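Order as written gives the chain letters A, B, C, D, E, F, G, H, I and J; numbering starts at 1 within each chain.
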Amino acid sequence: MGVILSELTEVLLSAKKEKGLSFDQLGTLLGQNEVWVAALFYQQASASFEQADKLLEALGLPPEIKSELVAYPVKGLGPVVPTDPFIYRFYEIMQVYGFPMKDIVQEKFGDGIMSAIDFTLDIEKVEDPKGDRVKVTMNGKFLPYKKW
Amino acid sequence: MGVILSELTEVLLSAKKEKGLSFDQLGTLLGQNEVWVAALFYQQASASFEQADKLLEALGLPPEIKSELVAYPVKGLGPVVPTDPFIYRFYEIMQVYGFPMKDIVQEKFGDGIMSAIDFTLDIEKVEDPKGDRVKVTMNGKFLPYKKW
Amino acid sequence: MGVILSELTEVLLSAKKEKGLSFDQLGTLLGQNEVWVAALFYQQASASFEQADKLLEALGLPPEIKSELVAYPVKGLGPVVPTDPFIYRFYEIMQVYGFPMKDIVQEKFGDGIMSAIDFTLDIEKVEDPKGDRVKVTMNGKFLPYKKW
Amino acid sequence: MGVILSELTEVLLSAKKEKGLSFDQLGTLLGQNEVWVAALFYQQASASFEQADKLLEALGLPPEIKSELVAYPVKGLGPVVPTDPFIYRFYEIMQVYGFPMKDIVQEKFGDGIMSAIDFTLDIEKVEDPKGDRVKVTMNGKFLPYKKW
Amino acid sequence: MGVILSELTEVLLSAKKEKGLSFDQLGTLLGQNEVWVAALFYQQASASFEQADKLLEALGLPPEIKSELVAYPVKGLGPVVPTDPFIYRFYEIMQVYGFPMKDIVQEKFGDGIMSAIDFTLDIEKVEDPKGDRVKVTMNGKFLPYKKW
Amino acid sequence: MGVILSELTEVLLSAKKEKGLSFDQLGTLLGQNEVWVAALFYQQASASFEQADKLLEALGLPPEIKSELVAYPVKGLGPVVPTDPFIYRFYEIMQVYGFPMKDIVQEKFGDGIMSAIDFTLDIEKVEDPKGDRVKVTMNGKFLPYKKW
Amino acid sequence: MGVILSELTEVLLSAKKEKGLSFDQLGTLLGQNEVWVAALFYQQASASFEQADKLLEALGLPPEIKSELVAYPVKGLGPVVPTDPFIYRFYEIMQVYGFPMKDIVQEKFGDGIMSAIDFTLDIEKVEDPKGDRVKVTMNGKFLPYKKW
Amino acid sequence: MGVILSELTEVLLSAKKEKGLSFDQLGTLLGQNEVWVAALFYQQASASFEQADKLLEALGLPPEIKSELVAYPVKGLGPVVPTDPFIYRFYEIMQVYGFPMKDIVQEKFGDGIMSAIDFTLDIEKVEDPKGDRVKVTMNGKFLPYKKW
Amino acid sequence: MGVILSELTEVLLSAKKEKGLSFDQLGTLLGQNEVWVAALFYQQASASFEQADKLLEALGLPPEIKSELVAYPVKGLGPVVPTDPFIYRFYEIMQVYGFPMKDIVQEKFGDGIMSAIDFTLDIEKVEDPKGDRVKVTMNGKFLPYKKW
Amino acid sequence: MGVILSELTEVLLSAKKEKGLSFDQLGTLLGQNEVWVAALFYQQASASFEQADKLLEALGLPPEIKSELVAYPVKGLGPVVPTDPFIYRFYEIMQVYGFPMKDIVQEKFGDGIMSAIDFTLDIEKVEDPKGDRVKVTMNGKFLPYKKW
C-alpha cells in the first residue's frame, strides 16, 4: 500500500486503540499538540525523556521502547506520489497552489521560504450545516535567502 | 527550471509588475482572496466574465485574453517532485505530516478526506521579533467515504 | 507482481473461496454493493461493527480480525502504472478519454471534478450474443471549484 | 502543465467556442456520442470522411484539416500520473477500486478483461438536490484469456 | 534481480527440473502449447481443474497447490524496464518497431489494435548453419475501435 | 502525445499519403519487407543509396533528404511505458509472457537471447469469420552467452 | 543535455566571456561572494536594484534585463539525477555521506537540519604538489525541529 | 522510510548508544575523523584490521562482525530523491548551486571535477548568538579531464 | 543499498573469503577468465556441470547448490541508476561517451551494435608511478542491422 | 528520440559529412584519439584554441563557433535508460557485469573506483572470419578511497 509502517508505529497505534485514548488526550498528557503526538507515533518527531516515560505509562507499554521514542528519526513516509486519497490531496494542493502561494509570500516577505522545521501544524473541526470542514493551519518561520 | 509557464501567465505577471499592483489589491478589485487571484494568474482557476473584464482593464491588457481567463484550465504546475525550495517545503510537509494528519482527521471525522476543491487557502504575515512567520490556513470540506 | 496484498486480504479471500460465497452474496448479507464488499476485502473501505461481525461469522473467521475491518485504511493498491492487463485498461481509459471526459463534464457542470469519495461504482454483466459485455457505472458528486 | 495539446486540438476547440456549439450538438450532427466527439477533438479517435466534412463545415474550418481528422492517431494524452484534479480522480479510482473490480468481473465472467477498444463511454448529469452528480457509464466487451 | 518469483513458481520450476520434464512434454500432457504452460508456471495463466490435477500428478506435487493453479492471477512480472537481456530485447523491439508495426497494421485493418488477450504465442527453433534462429509467432485478434 | 516525430518522418508520411502508396507497394519497389520500410520512415533503419533514390522519386520528394535516409539513426521512439494502446499491447506481452518465453527459449537453445538486430519482423492479416487476426512473426538469431 | 538554461543565463554568461571578467571580479564589484554571483547568473538568486545596475553596466548589457535580475526566481536547475559528472559528484556525496552527516550533526546539535536558505557556500583552490584540491565550505544555520 | 539499514548498521548504532560513546570519541580511538567513522557505521567505508579490532572492543561486540567491517561495501544509501529533510537539503544545494559551483571551479581550475573519492568531509559546530551554525567542509582533489 | 544479493551469491562470496581464494585462482581452476567467474558468483552467468563440481569442491560447499550454478539466471543487478560510485562510473561513461562511441563504431562498421552477449570482458592492473590504472577491455561481435 | 542534439553538434556532424572526413582523420589532425574527437563533436570534451582553429578550418566552418568548442561543456547526453540499441548495450554491460567488475577491481586494488575523468577510451576493429569484432579499451586511473 505504498508505505510500510515501522513495528514501533504499529505497536503504538495498537496500544492507543486498546486504551481508547485519542491523540488529543495524549497531547494534553504530553503538553503538545495532537498533530505533533501523531507525528511522534509515525516516527516523524522525537520525545523528551519525560514525555517518553509518560507516553509509555499511558499506553501500558514496556520501557524498552523508550530509546526509540527519544531518537532522532529518519523522516518522510510515503511513496513519491502518494496513492492514499487523503494524503494525495496535499500533493494536489502543492501542484495547484504551489506557485500562487510562492508569489503571495514573496510579495509579502521578499525572496525566501516558509520553514517546515521551525513550523507548527494545527487541525480543527469546523462544524457547518452544509457539511463540516477541516481547517489546517500551518505556521512556519519565514527564512529569507542569505546573500553572501 | 522544472516548469514552463504559459504565455498567458507571463503576460499577466509582467503587466502586474508594470502597473505596480499587488495580488492583494487585485483581490480587492475582483472581490476575491489574493491567493485565488494568483491561482488565476497561473491558470489554476477561472474568472467570471465580469472579473476578467475588470482584471484586463486594471492591467491594461487587450480583451482578446478574456476567453482564456474564463476558461476551465488544465491544472497542476510542477514536476513530480518540485525543485524550487519554497514549493518543495509543501511536498516535505506532505511526506512528514501526511500520515499524522490523516490519523487526526479520521479520529475527528471518521473515514474520509479534506476536499481540495471545496477549499480555500489564506496566507497571512505574522510579525514576530524573532523572525516573521508565514501562516497558511487551508479550509476544505470534509468528504466522508460513501458506502453503497 | 507489482502489489503485495496484506495478510488480511489473503485471509479474507481464502475464507471466501472455502465457503464458496460470492461477493454478491456477501453484499446482500451486509446490505452493500458487491464492489464495495470487494473494496473492503482489499482494505480500501471500512465496515461498521455490525458488518464486521456478520462478515466474520459468514466466513468462519475469528473475532480478532474485527478491529482491522473497521479501521480506516491507507488506500491505493498498485504500482504507478499497473501491469495487470485488467487494471491497466482503466489506466488506458484515463489516458485516452481523460481530457474528453473533462471537457464534457465542464461543459455540463462548469469548472470542477467528479468526486471519487462521494462516489459509487457498480458492475453489471450484459449478455450479448456477440460476446458478453462489462458495464461499469460510476456515480460521483460533482464538486465545483470554490472561489474565495 | 503536463500535456501539450496538438495545434489541431487547439484549432478545433477554439472554433467550437467561437461558434457556440456544444459537444452534444456536434454529436447529434455527426451521429455519435458527445464523448466520442470530444475524443475526436483531442485526436483520440478518427472520423469518417463524411463526418470530417460535416464537422469542418459546422466549425467553419478549412478542408486542409480533413486528412488529420480521418487519420488514425497516436493515443494517450497525459503525464504518467495526471496532475489535473479532474483526470487524477480516474487514476485514483483505478488505484483504489482496480483490484476490487478485477475480482468482481472475474467472479462473473472468468479470467479476462474489459476491452477498452470495443468500448463505449457515456456521461450523464444526474440532478440531485444535495448536489448534482456525474454518472459515467463504461461498456466494454469482455475478452476471455485464450488458452492455446 | 528486478523480479521476485512467487513461491508457487519456484515450487513448480523445481519439481519440473527434478522430474526432468520439458515444457513441451507438459504441453502435450495438458493439451496446450508449451508457452502457455510456462505462462501457467509463472502465474500468468490459469488451468482448468483437470489440467491442474494432471500437472500436479506429473510433477509429484501435493493437491493443496491446486487452488492456486486454477485461480485468476494478477499478471505482469517485471520491473518497468526489464534488466534481463533476453526480456529487454522485446522491450527494444517495441521501442524500435512499435510505430512501424502500428502503421502497417492500421494500413491493413484500419484504426485498432492487436489483442493481447485473444492471443496466442508460439516459439520455434529454426536450424540454420549460420546460427540457429528463434521464431516467435504472435497471433492476436484485431480489435477495431468502436465508434459510438 | 508521448513521442515527437522528426520532421523527416512527417514529410515522408505525408508524401506517401498524397501519392496514395502503401508500405507494401514501397516494399516491392525497394525490395524489402513493408515493416522495414515503415521502420525507415520512422528513422529506425537506414536505406542504401539506390533505395533512397528510388524512394524519393516514388514519393516526389527532393534529393536533399537523401543524406538523412542513408544515415545511421539514433533508435527508439517512445516514452518509457507507451501510452498508445496499439504499442502498449507489445509492452504488455513482454510483461506477461517475457519470463515464459525466456524459459522456453533457454530450454530449446541454452543460455542466451534472441537477437533484435539480426532480426526480421513480418505482419500478416489472417482472415477469420470470427474477426480477422494480426499475425506477427519475429525471427531473430539465437545468440548464446559466450564463456571466456 | 538534461537542463535548458534560460535566455537570460545565456546572455549573462556570454557577455561575461566577452568582457573577460571572472566571477571573482564581479563578486568584488557587487560586494558578494563569487559563488553567489554565479547563482545570480543561473537565476538561483536575486540582485538588489543597485547590484543589477552595476552588473549590467559592467557587462555592457541593456537595462531591460534589470527586472529579471531583481525578480525572485523559481529555483532548481537539473534533472532528477544529474548527468554532468561535476554536479553528479555532489549527488554522490549526498548518497554516500548523507546518513553519516545526519548522525554527526544530530549528535552535536540535536534533532534538526542545516538550513540551505540561511546558508553560504565558498569555494577555494588549495594548491597541492600531488594535485590541487577543491575546498567547498558550506555554512548553514542549524534549525532545530520545533515542538508544539 | 525510504532506506533500510543493514543489520550491521543497526548493531553498531545500538552498541554505540549503549556504551554512551560519541562518533568524535570513536574517531579519536581509530585515528580518523568522526564523519569517516559514521560512514563506517553506515557501511560506506571500510576499516583496517586494527581499526576493526579496536572498534569492536570499544563497542563490546563479538569478533564475527570484523569481516564485514573490513569489507569493501556497496555504497549509496538513499532513495533517488531523499525524503528526510536533513539529507534533502544537500540534494537542494546540488539543485540550486550545482551549476554555479561548476562554473566557479572551472574558472579556477579548467575543465574537470572535484573528486568524491580522494575526498574528505568535516563538520563543525559554529556557535552564534543568532543561532548556531553547521559548517561542512568538503575537500576533494581536482581531477582535470584527460585528453587522449 | 539499491540491490539485494541472492543467498547463493552471499554463500559463494563468503566461502571464497574463508578459503582465501582469489577470482583469478578460481578462473584458472575453471578454465575461465576471472571476470566471468565473478559473474557466475553474482548469478549473471551459468557454469557447466564439471565447473560447478570443481567450484563447489574448491569452496567446500555442499552439492545441493550445483543446480543453481548451472541454471540460466535472470540477469541485471542494479537499480535503474546505480548509487555505488564504482558502478556509477560505467553509467557515466555511457552517458558521456555513448554517442561518440556509436559514431566511431558506425563509421568503422556501418549501422549496427556491439554484442553484449557474444562478448568478453577483461580487467588488467596497469602499474604506473603516477597511480596505477584499471584497464578494461570489452570485446563484442559487431552485429549489423539485418535488412529484410 | 530520447536526446536532442545541440545545434553545434548538428553543424559539426553535417560539415564533417560534407567534407568526407572521418573521425580518425580529424584525430590525426588534432593530435588526439578519434573517440575524443567524437566526444568534442557531441560537446562532451573541450578543445584547445589551436585545436579549435584547426578543426574549423578543416571543416570549413566560420570562426564564431570557436568559443563553443573551447568552452567546458555540461556533460551527459542520454535519457535515464537509453533506448538506442547501440548505447543500451553499455547500460546492459553495467547492469550485468557491474558487480563482477567491482569485485575484481577491489580484489586487485583495494577499495576504490576507476576514474572516468583521468580516463581514455579506444575503439578498434578486430577482423574475424566469423564476424568482425568491436574492441573497446577503457583505461582509467584507480582512485583509492581516502581515509581521513
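One rule holds for everything that comes next: contacts are C-beta pairs under 8 Å (C-beta built on N, C-alpha and C of every residue); 3 or more make two chains touch, one makes a residue touch a chain.
Predicted, not measured: the structure shown is a model, and the values here were computed from it.
Visitor: Tell me, please, which chain's centre (mean of its C-alpha atoms) is farthest from the centre of subunit B?
Guide: Relative to subunit B, the chain whose C-alpha centre sits farthest away is I.
Visitor: Call it same or different for subunit H and subunit J: same when shared residue numbers make up over half of all numbers used at their interface.
Guide: Here the answer is same, because the shared fraction of interface numbers exceeds one half.
Visitor: With chain centres defined as C-alpha means, what is the inter-centre distance between subunit D and subunit I in Å?
Guide: Centre-to-centre distance between subunit D and subunit I: 49 Å.
Visitor: Whole-Å distance, subunit B centre to subunit H centre, using C-alpha means?
Guide: Centre-to-centre distance between subunit B and subunit H: 40 Å.
Visitor: With chain centres defined as C-alpha means, what is the inter-centre distance between subunit A and subunit H in Å?
Guide: Subunit A and subunit H have C-alpha centres separated by 29 Å.
Visitor: Which positions in subunit C are in touch with at least two other chains?
Guide: Answer for subunit C, listing residues that touch two or more other chains: 3, 36, 74-78, 80-86, 92, 95-96, 99, 102, 106, 112-113, 115-119, 121, 143.
Visitor: Dump the list of chain pairs that touch, please.
Guide: Chain-chain contacts present: A-B, A-C, A-D, A-G, A-H, B-C, B-D, B-G, B-H, C-D, C-E, C-F, D-E, D-F, E-F, E-I, E-J, F-I, F-J, G-H, G-I, G-J, H-I, H-J, I-J.
Visitor: List the residues on subunit D that touch subunit C in their complex, please.
Guide: 3, 13, 22-24, 34-36, 38-39, 41-42, 44, 75-78, 80-82, 84-87, 89-109, 112-116, 118-119, 121, 123, 125-126, 128, 130-143
Visitor: Could you list, by residue number, the parts of subunit I that touch subunit G in their complex?
Guide: Touching subunit G from subunit I are residues 81, 83, 85, 88, 92, 95-96.
Visitor: Within their complex, state which residues of subunit D touch subunit F.
Guide: The contact residues of subunit D facing subunit F are 6, 43, 67, 73-78, 80, 116-117.
Visitor: What does subunit I use to touch subunit F in their complex?
Guide: Residue positions touching the partner: 32-33, 36, 45-46, 72, 74, 99, 102, 106, 110-113, 115, 117-121, 143-148.
Visitor: Using the touch definition up top, name the residues of subunit D that touch subunit B in the complex.
Guide: By the definition above, subunit D touches subunit B via 1-3, 17, 81-86.
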